[in-house]
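Okay, so chain A shows up in both of these, paired with chain B first and chain C after.
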Partner chain A sequence: MSFWDYVSSRREQLWIETWMHASAVFQCMVIATLIGVVVAIATYRSALASRIAIGTTATVLTIPSFALLGLLIPMLGLGVAPTVVALVLYALLPIVRNAIVGLAGVDPQLVDAARGIGMNRVMILLRIELPLAWPALLTGIRVSTQMIMGIAAIAAYVSGPGLGNEIFTGLARLGSANAINAAWAGTLGVVVLALLFDAAYALLGRLTVPRGIRG
Partner chain B sequence: MSGGPVRPVGSAVDAETRAARPPALPSRFGWTDFVVMPVFLGLVLLVLWQWISHQDLDPIERVTLAWPNVRRRIVEHIQLTALSTVLVLIIAIPLGILLTRRQARRFAPFALALANVGQATPAIGLLVLLTLWLGVGVKVAIIGAVAYAVLPVLSNTIAGLEDVDRQLVEAARGIGMSMPGVLFKVEFPLAVPLVLAGVRNALVLNVGTATLATFVNAGGLGDIIQDGILLQRTVVLIVGSVLTVVLALTVDWLASLAEQGLRPRGLRNGG
Partner chain C sequence: MADVTGATIRLEELTKHFPGQKIAAVDRVTLEIPAGQLVVFVGPSGSGKTTTMKMINRLIEPTSGLISIDDRDVTHLDPVKLRRKIGYAIQNSGLFPHMTVGQNIALVPRMLGWSRSRVSTRVDELLETVGLDSVEFRNRYPRQLSGGQQQRVGVARALAGDPPVLLMDEPFGAVDPITRGHLQDELIRIQHELHKTIVFVTHDFDEAVKLGDKIVVLREQSHIAQYDTPEAILTNPADEFVAGFVGAGAALKRLTLSRVRDVEVKPFATAGMRDDIATIRRAAREYGADEVLLLDERRRPTRWLRREEVRRGGAGLAVTAHEVGDTVTRDATLRDALDAILTEGGGKVAVTGPRGEYIGVVSIETLMGSIQEMLEADREAAREHLDELEAQREVQRVEEQERAGHEDGAHPAESDQR
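Entry: the complex of A and B
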């Protein structure tokens, strides 16, 4: 069976797996972005606190994903729960780091000026600092998404959802006719999804980066 | 937690992030760099050891967790990591230098674009495809790890060399240095921090890919984790995972010390 025959004969299953993969990554990115921005806001004003936040998230990123999943299984069982926790943890570092760098890089004179025209802390954060930090944050989100796309594939081994299942099916049927097709479908599917997400972020950047700081 | 200046993440190092200057943090060695991580890892191992010795192990767990087996997996893991890292550096650094020379510079964007696509490729997919093509074994695991890590290190090297101030290069040429002289005495020392970051990056990626080597029958600590999952033995699963984590953090810690220690003196502060 050729690759295209394989894809068209399993169209529905592949479509579901692709959808699950994309939706898992997207939802984990939303959670990770919320947590990451809160952590960054809480720590960016202190060099020590931001160093601790970045150090901790960097340490998590160093842990091989298979080992982290292995540690989460005894606590959370197999399936969706360990997948979500692992993906969120891995996504945090680029987001936290870039959000801190972005927030700390805002010109203090701008903040002073904002305070001078009567803005309070929250308004300064929402209307001055976060918009100016947004391009850096968006880059962090892009990097995180690319990374957890691939990690999500490994999560299929612990019964996680998504295209990783195709890859492990290929591995399990080593030698059978469709093994290569399944592995290709899974791998290419992840690559294509990653590129689509990246294009979407590029578009989002075009639409949302404030005019004044656009390159 | 290692020191070092805080850099934004982003392989492409977008202009936006580059513009946002990181807060200046001290980047010299502090005593915490030497103490915190080893003490933490030592404690983790101690707790693991205590916990194991109070467990009632069944025969299967006893066999899997016997020291000779565990030691073999650790040694395999270190070998896989070391070998693939050496290969990555042998390929990526000369290639990075080559792609920043004037004659070959037009190929650099192509390599960077390829690196971006490569980043999106799942390591496990790559490994499985290689296995279907070449069969199982250590060789395939190493090829997979190298293929996976070579592009990020390459793009780091290119970015590092391109970041070198053109005026410095011209000044060096102006005082009569040869092209190789400029490369080895000016460009390379200035790019050392980024190359060292690439080395660390390769090590971390390869420790992770070596964990997946078990799927292609190439051993490593992933074997113990997989045993734990397949045999449904939580103790085995936890021992395998914790040992892998400890090994990965140790490797990263050593690499971070090297990253700071080998940095040229003039670049120690602020990166």
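Entry: the complex of A and C
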């Protein structure tokens, strides 16, 4: 059976797995972004605190994904829970680092001006600092997404959802019919999804970064 | 626009001691800034002038002392609310790059809860006030403006909530000298219309002389070396420090304080570009002059006919004669006029009206005479002023002694100083 025959014969299955993969990555990114921004807001005003935040998230990234997923099984079992936890942890570093760099990089004169015209702390954060840090933050989100797109495939090891199942099934049955086809279908699916996500982020950037600060 | 007059600002024993520093950055400053006046804080870097200013809107919290605006103690108000009532303009404009010019200006009015339509009208009005076309500029982003235009928008934003008090921290420090000159003229014009109380910080004494109704010369720890009118400081610096700060050329600086309209603009022999030599000579005779100023068909000065040329006559005079290089308007400072006279080389400069049309001339002799008179008058005024201050202090001493007796804290309301 050729690759395309394989894909068309298993169209529905592949479609569901692609959807699950995208959905898992998207949801984990939302959670990671929320956590990352909160961590960044809590730490960016102190050099020490931001170093600790970046250091911690960087350490997480050095743990091999296979190992982390495996180690989470005893605590969280199989399936969605360990997948989400692992993906969120991996996604944090680029988001936290870029958000901190973005927030700390806002010109102190602008913050002084904002205070001077009578904005309170929350307004300065929401109306001045976050919008100005947004391009940097968005870049962090893009990098994170690319990264966990691949890691999400490995989550199939803990019975997580997504295209990893194709890859793992294929690789486990090497030599048998359609094994290579399955592995290829899963891999290409991940690549295509990654490209689509990136295009979506580029569009989001176009729509949300104000013209006044667009590079 | 409502004619909101500025409020009187009083600083009493105002002190700022930054943690970890041995001496106070600002040490017991007592100062009254009269309503509706532009008062310039000037001093070397590190003199605490910016710190003093920033305590007025409490961007820096004072360690001790009192600040009152219109006899209201502001040291216990909510600083955020206080700042919405005090305009604030800084160096490099401080405009938010992700917001349009209109959005930047609208910030304070919106925080004050103005209606959408009122805010919009206000933005148009303010852009006009600072000399920018609303249709062209309100939807632009700051980076699409020149430095000078950004600074104008910065001033518009500071004025947006119609605050009685404006704090300006070296607002024109980062623009080129020519633009700075224009912005200063513009501020003078705006202040002439609005009569806000403006505290203006700069380290440029010339700027202080040009803008200030009064100047506070500060030395280290914000100690007041002299607080007086520019004229008085120029003619009678209180001590060596002030004299050093005034620098050389006080008489030249004095020239920036007066305008061409303040001196006599004399009529001069003029003729049209196409007039024949007989007409030109007649014009010269009429004024007893040996020079003639040629005007074009719209009465704009074009060429100077020097004595030689008037005598010699001949064809093509209008083409070969000395071209008018520089003219001044009635609003130009005498310093500009002197500069133009020196550039023109003929000992005089043509004064023109709003459309460039000839009004008269100012000569070097007129200028010299006027400067002598002004300096004399300044010295006289400074002497009187010193006497007055002495008398005031005496009155205060007496009042304080009485108050100590009565425990009655009410100040008599300060009358409008304009």
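Just so we're on the same page, the second predicted complex is superposed on the first by the 215 of 215 C-alpha atoms of A that agree within 3 Å, B and C clash if a C-alpha of one lies under 4 Å from a C-alpha of the other, contacts with A are read in each partner's own complex, and residues count from 1 in each chain.
Methods note: a contact is a pair of C-beta atoms (placed from the backbone, for glycine too) under 8 Å apart; a residue touches a chain by one contact, two chains touch by 3 or more.
Since the model is a prediction, treat every value here as computed from it, not as a measurement.
With the C-alpha superposition on chain A as described, chain C and chain B fit side by side in the combined arrangement.
Judged by the touch definition given at the top, the superposed model places A:V38 against neither chain B nor chain C.
Between chain B and chain C, B contacts the larger number of chain A residues. Contacts of A:G118 after superposition: chain C is touched, whereas chain B is not reached. When the shared chain is aligned, chain C comes close enough to touch A:L110, but chain B does not. For the superposed model, the angle subtended at the Cα centre of chain A by chain B and chain C works out to 100 degrees in steps of 10. In the superposition on chain A, no contact is made by A:L203 with either chain B or chain C.
With both structures placed on the common chain, the touch criterion links A:M1 to neither chain B nor chain C.
Look at A:I128: by the touch rule set out above, it reaches chain C but stays clear of chain B. Of all C-alpha pairs linking chain B and chain C after the chain A fit, the shortest spans 14 Å. Chain B contributes residues 1-2, 6-11, 14-17, 19-23, 25, 116-117, 119-126, 128-129, 131-132, 136, 204, 207-208, 210-212, 215, 221-222, 225, 228-229, 234, 237-238, 240-242, 244-245, 248-249, 252 to its touches with chain A in the complex. Here chain C touches chain A in the complex through residues 57, 59, 80-85, 88, 90-92, 94-100, 107-108, 111, 141-144, 157-158, 167, going by the rule given at the top.
Of all residues in chain A, only 47, 50-52, 54-56, 58-59, 61-68, 70-71, 73-74, 93-94, 97-98, 100-102, 104-105, 133, 135-136, 138-140, 142-143, 146-147, 149-151, 153-154, 157-158, 164, 167-168, 170-171, 174, 179-180, 183-184, 186-187, 190-191, 194-195, 198, 209, 215 touch chain B in the complex they form.
Per the touch definition, chain A reaches chain C in the complex via residues 109-110, 112-120, 123, 128, 131-132, 210-213.
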